[in-house]
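Order of writing sets the labels: A, B, C, D and E. Residues in every chain begin at 1.
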């Protein structure tokens, strides 16, 4: 299917190209909303439509108004800070706890594996509204609703399944004779972990951590229930933007975040290629 | 792997049936083994314990606590201890006698003596109003001048509010005068109690939840199917490309995944609304007239399009990771055996992608069945889902018991599904790329 | 299926070249005839292009230039599923979601064969490999050897005239491997199908094949029956690749008909050797000599070449003893001494007199 | 590290048992002494518990009962990283994210050795395996054989007194494998360390070891030097597992000192055999006879037993030909004919007269 | 100097909070440098949060802006403070006590109104020919005379009242009719006539958004939001004042809040005659005190006269429907279910 063989029939040839057209249409569907958002963030009007001026490329229809608005707004700046603070804290917690747990789960001696795995990935399975409601009541009752602690703990819980799943998957392919070799060569378990296991499962840990981070970074339901005004995150600020006050500032934020994502994803891909080269695997 | 011939080679246990059970020094083998392995078990458990404890506290317990609210029913018991006592033995048909009203008065007076924060009549009114319209008005308006009532109280109460003369209110008080209730589940299933205490269907124009569950289910299934329809070709396409190119395309999948849900939803509003990009494009190309603009948003169509877009990566990632691991030799083998490319695909390739389809479908289905934000923004009315209703009861109508009952039912449904999936396919096939 | 009877060139590769990347040729100039009913093995080191040739024949890769003919007809434009060639893959490629019976029925089903006929054929094919009782199992429930048999019978069940096998025994352990070699060979003899077999195990190639094509570097280095290959290798690569081999390097000083005289690089001794592949007097050459053709302390008149040697090491191998000796400046010279002889045993440090016949020492291309 | 000098029992397994699941024993009753400096090989079929024994010795598995002693001291409660035992893993277990030099420095680093000393030792260890130039490479940039050498020198660099190797050559191809066997053996001889070596390849066990323990079913079947094992197997399992072996089954009719007479099940012929492991007259027995001890057409007076046989198949193996014959009702009887003899060749269908010495035919337990 | 105080004040966000900040918070913080006011826009879900905070014994809010119906609920539950109006609130400049100065019926047991706002129907003028602009609620229900889609809020309040009003029920009879099953059926039947054209909105900002995007021709909405969009942002919106639904909006003080005394001081200031009049400089809601009305002047930024934009301006206040909170307290649950069911059909 990668190239057309010489014996392909006419039908096969047509399908070969149709299939590619279909695929690119689907990729376009995936990207369209993102592509549309960036020009719109330069709208001079406070609404989410292309104005006539924009379409006729009249410079008056375009402006940096929403970018100025963003960088001039205390609440936006605070929400950006909060998002990173909460996201990073939750990611560190989720990654630490999740990686440890995945290590334990991957040991053959671990009892009740199925049950425990079920509990560990439950935050991914339970509908968000239910998690949010439960945490709302519970956090209120222990005085951590509307605190950073509360939001961070909640987001940690949501991020944990991703770390557990990716690290467990990485450990499936992990060669346990390496840790044995390290022990055999005289390294204590701690040393073995930091010098051998950790560097080798790092790709899995990082990808789990990225998932955990993005989960927190994009999370709104829990924030709506659990966070107070001091803990407003970017999505929460956007939520106000969409529902409570009309402002394409969110498009400006989103455009910036998309650029950051592209940079991040590209970096990850480059890192992956580098690590493959390092391990001598041919870059495929 | 099971040894092939079941009958042939005698197994070791047939040779030495007795010695299997004890070690050389006579300790039972199982116990000796446990002793030898205990330290490792503890070490493994020690690694899992911090997270387990964390989740049990921060996640599992709160959800249990929330589910408890769906049966917790303290309001009537707290507010009307004497009345409930007096109501024992009431036949449930006529308005109760003076004894009950005297008890009611006593309960009111006792309540007014309590500090304001502990007064129970307010919550009682709210609770009773869930079961019977205007009950809260009856409780609170009566409360404003109950201290002026003189015995006999029956007449005074009947004057204060018409509902005191309605046996329906008394039946509700009697029925809900227990610390646990099924009433929220009854309501969540669009049922109610009739005059004889039987559970019957609600009046047709007050039924909401069952059909909403049905619609949520249908919508989730539809979205799952659509993500499969769109996800399968591109996952397959990426899986046959060399790594480098596949990873570039993967960025196209991950980029929307990484872009805020709210932003993507907004972008769909921009694209789909009547004056939006798509309609405008269609009009300018001449496919539709200016007055025939399509309604693509604020209805079910909008919900489906936006959610399909948002959830598509959850289908693509597991599919892709499964497809990558299917060696090309299977398709080749099928062709060498005489199968046309179509037959080979259908009979040999496709069945092997089933674990990926299963993982993706379960992820997408579970996420979409609990979806809340996108339907709230672009769903209009026909695109709303059960979670929106739960959120409304959580935050607006403040009927937390009903929200908990609706949520519990949703959760149980999801857990059953997950359990079935785990049985059939195995949860460890869940992969995230 | 292929009516043109051309038994000698049933399969023919005609000046076939193949490049994957448009830069380098993986198959360089392949000309090969395989007769109907023959068991033909492609043997060669990893990366020498064996699988590529098989894939071109099966239709999964296209030749960059040249023709492949089957029964006299070019097959470049026939898609794989219409070639009717059976194939056993290295990892078996049994369909994991089908039972053994379904796997075997698959080729019959896609040919539109009726159910009862299908079942009869499947049963016969399974019985042929003694797996009749396993029709209901899934591939994952079988051991490696059992999977191998199923793969074999699946490739045969639709009665192709040509069967390709790509290192079918590569994943099996030694005992099982030997048993399977035996079985494949017997099936080939009973059914009379043409087999193209790929392996990089020389023992396997020697024991099973009618003819062996030794591949290296995208070319056939020698194409011959096993005994010819072993006893009369045409170049140093083949001599070194097949069987154990003592190598002596030197320069040809004189050529005398079939016989040439070679002065060895180490020590300068002169050796008489059979002239096989030397350019002429003064050319460099590699002498090849099988360890078992070297005789210890044979009467001088019985051997053409005789040298003094010193035993460096003895390696006990049960049925024989490998004796490593230092001779003519070469201390990797191996002599095999059978363990059956009751006679005297050699020990490390012993001085020996070794000899061999000129016929057994072949002067080949320099390597 | 272990000061108690107890050279005979440097490593001792004392009534060791092991179960993974609490239901069945994988190691049943292991008693084994390994002397200091010995090269001891554990040989046995897959699943016989070899790796398990090694893992218990290295500390990665705990014995379910019994004691393991090193230098006279029980080590059950010493964690693996304090045992100071070197180990070469089957897949080498080189750390992929470290260079070769870092891999070798690792054990020295965790022992807190200074940088300059470390470097000197690493260099020496690499030179020992002729890999001095590769210190800067990563494992993935090395070939299998090179990785193997690195694994070996990493296990030796911290100068352990005991080195364990679990099928270290399992993944290598035949030529490389033989070269590495050679190198390991030489390093052992030069350094004088104690080696416990695991393999399921009998040739490897025979060529390398001072002593071989043949494992089967969780027990040691025979513990002996290689030549004793091959030439004097104590039971049918060992005879069948080591080397090629002809098996004849029958019943003992008479015992006469060391010699017994056996009536064969097929055909009823009587054979004289060496009494090794038979219970008494009337008992069933398995006769074991090496193919290379069978002589074709030897003068009657030179052999004790002589039979008529018919050639069923010839298998060409380069240096010898395996001849499968039908003799005394057994048609899996193998005779090896060296390929060096210029003399006459046999062909399928030939009638032969076979003979062997009573001493070469061992009467063992029934199997 | 006094100890620093942080007051968390919860309101509706957007232009409305902005008007409170400029009219009340900024002057107060200027006069009391030790006070910092933090704005939370959680009013939409305030009752839920307040109840949860109160049940947890951890009240973090100092002052909350809510609707009177929610305030009544919270008051019944005892989670907000009862207010002694004359003791806690400033008298009018002419000395009229607070309980008499606030518009009749607006003060609650626990509730101090600031504004009277109205829910109105507005339309995008670009979507109608200039000579045929809609004028009345009846026009809103006339899909033939005034084609185009209509956005209404996804709750029964206001919509049912308008349906009966458009169906010919006199304004003073609306709630009596709605209390009968026949009346409810009648209201829904009327709504059915425009159902095919309906789009539903949830939050206040969506209505002007839908109008601006020309997603709909009409939208119900809060008059302040529509004012902001049309006057400040220049959108071509016009308001139909016929049948405007009038309601109060005001403050409640959570019981056990962290700074009850400081809040009371603030409240005394923020609800006096001048402050309420000042708020109207920033948003077109009418002040809840009679004594403030004459002080309403021009918009602070645009300089336009605010009087014509006030819902209470007699030119606009010709057929108001005053929202009956008692009615909605008693029948709300049932009617919401009926409405939800109707939307789903």
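Note that in this section a residue touches a chain if its C-beta (ideal position, glycine included) is under 8 Å from a C-beta of that chain, and two chains touch if they have at least 3 such contacts.
All of these numbers come straight from a predicted model, not from anything done at the bench.
Colleague: Using the contact definition given at the top, which chains are in touch with both subunit A and subunit D?
Modeller: B, C
Colleague: Can you name the chain whose C-alpha mean lies closest to the mean of all the C-alpha atoms?
Modeller: A
Colleague: Most C-beta contact pairs, which chains?
Modeller: A-B
Colleague: What is the distance in Å between the mean C-alpha positions of subunit C and subunit D?
Modeller: 28
Colleague: Determine the centre-to-centre distance between subunit B and subunit D, using the mean Cα coordinates as centres, and give it in whole Å.
Modeller: Inter-chain centre distance comes to 62 Å.
Colleague: Express in whole angstrom the distance between the two chain centres, defined as the mean CA positions of subunit C and subunit E.
Modeller: Subunit C and subunit E have C-alpha centres separated by 91 Å.
Colleague: How many angstrom lie between the centres of subunit B and subunit E, each centre taken as the mean Cα position?
Modeller: Computed value for the inter-centroid distance: 34 Å.
Colleague: Send over the residues of subunit C in touch with two or more other chains.
Modeller: As it turns out, subunit C has residues touching two or more other chains at 59, 79.
Colleague: Using the touch definition from the top, which residues of subunit A touch two or more other chains?
Modeller: Residues 48-49, 136-137, 242-243 of subunit A touch two or more partner chains.
Colleague: Give me the residue numbers in subunit B that touch at least two other chains, ranges are fine.
Modeller: Each of 37, 40, 273, 275-276, 341, 394 in subunit B touches at least two other chains.
Colleague: Considering every pair of chains, which are in touch?
Modeller: A-B, A-C, A-D, A-E, B-C, B-D, B-E, C-D
Colleague: Going by the contact rule set out above, which residues of subunit C touch subunit D in the complex?
Modeller: 173-174, 200-203, 206-207, 226-227, 230, 242-244, 290-293, 295, 315-320, 336, 338-340
Colleague: Subunit B touches which residues of subunit C in the complex?
Modeller: 58-60, 79-87, 89-91, 93-97, 106-107, 110-111, 134, 137, 140-143, 146, 154-155, 158, 164
Colleague: In the complex formed with subunit A, which residues of subunit C make contact?
Modeller: My answer: residues 59, 62, 76-79.
Colleague: Can you list the residues on subunit E that touch subunit A in the complex?
Modeller: So the residues of subunit E touching subunit A come out as 8, 12-15, 38-42, 44-45, 52-53, 55-58, 60, 202-206, 208-209, 212-213, 229, 233.
Colleague: Once bound in the complex, which stretches of subunit A touch subunit E?
Modeller: 45-49, 136-137, 140-143, 145-146, 224, 228-230, 240, 242-246
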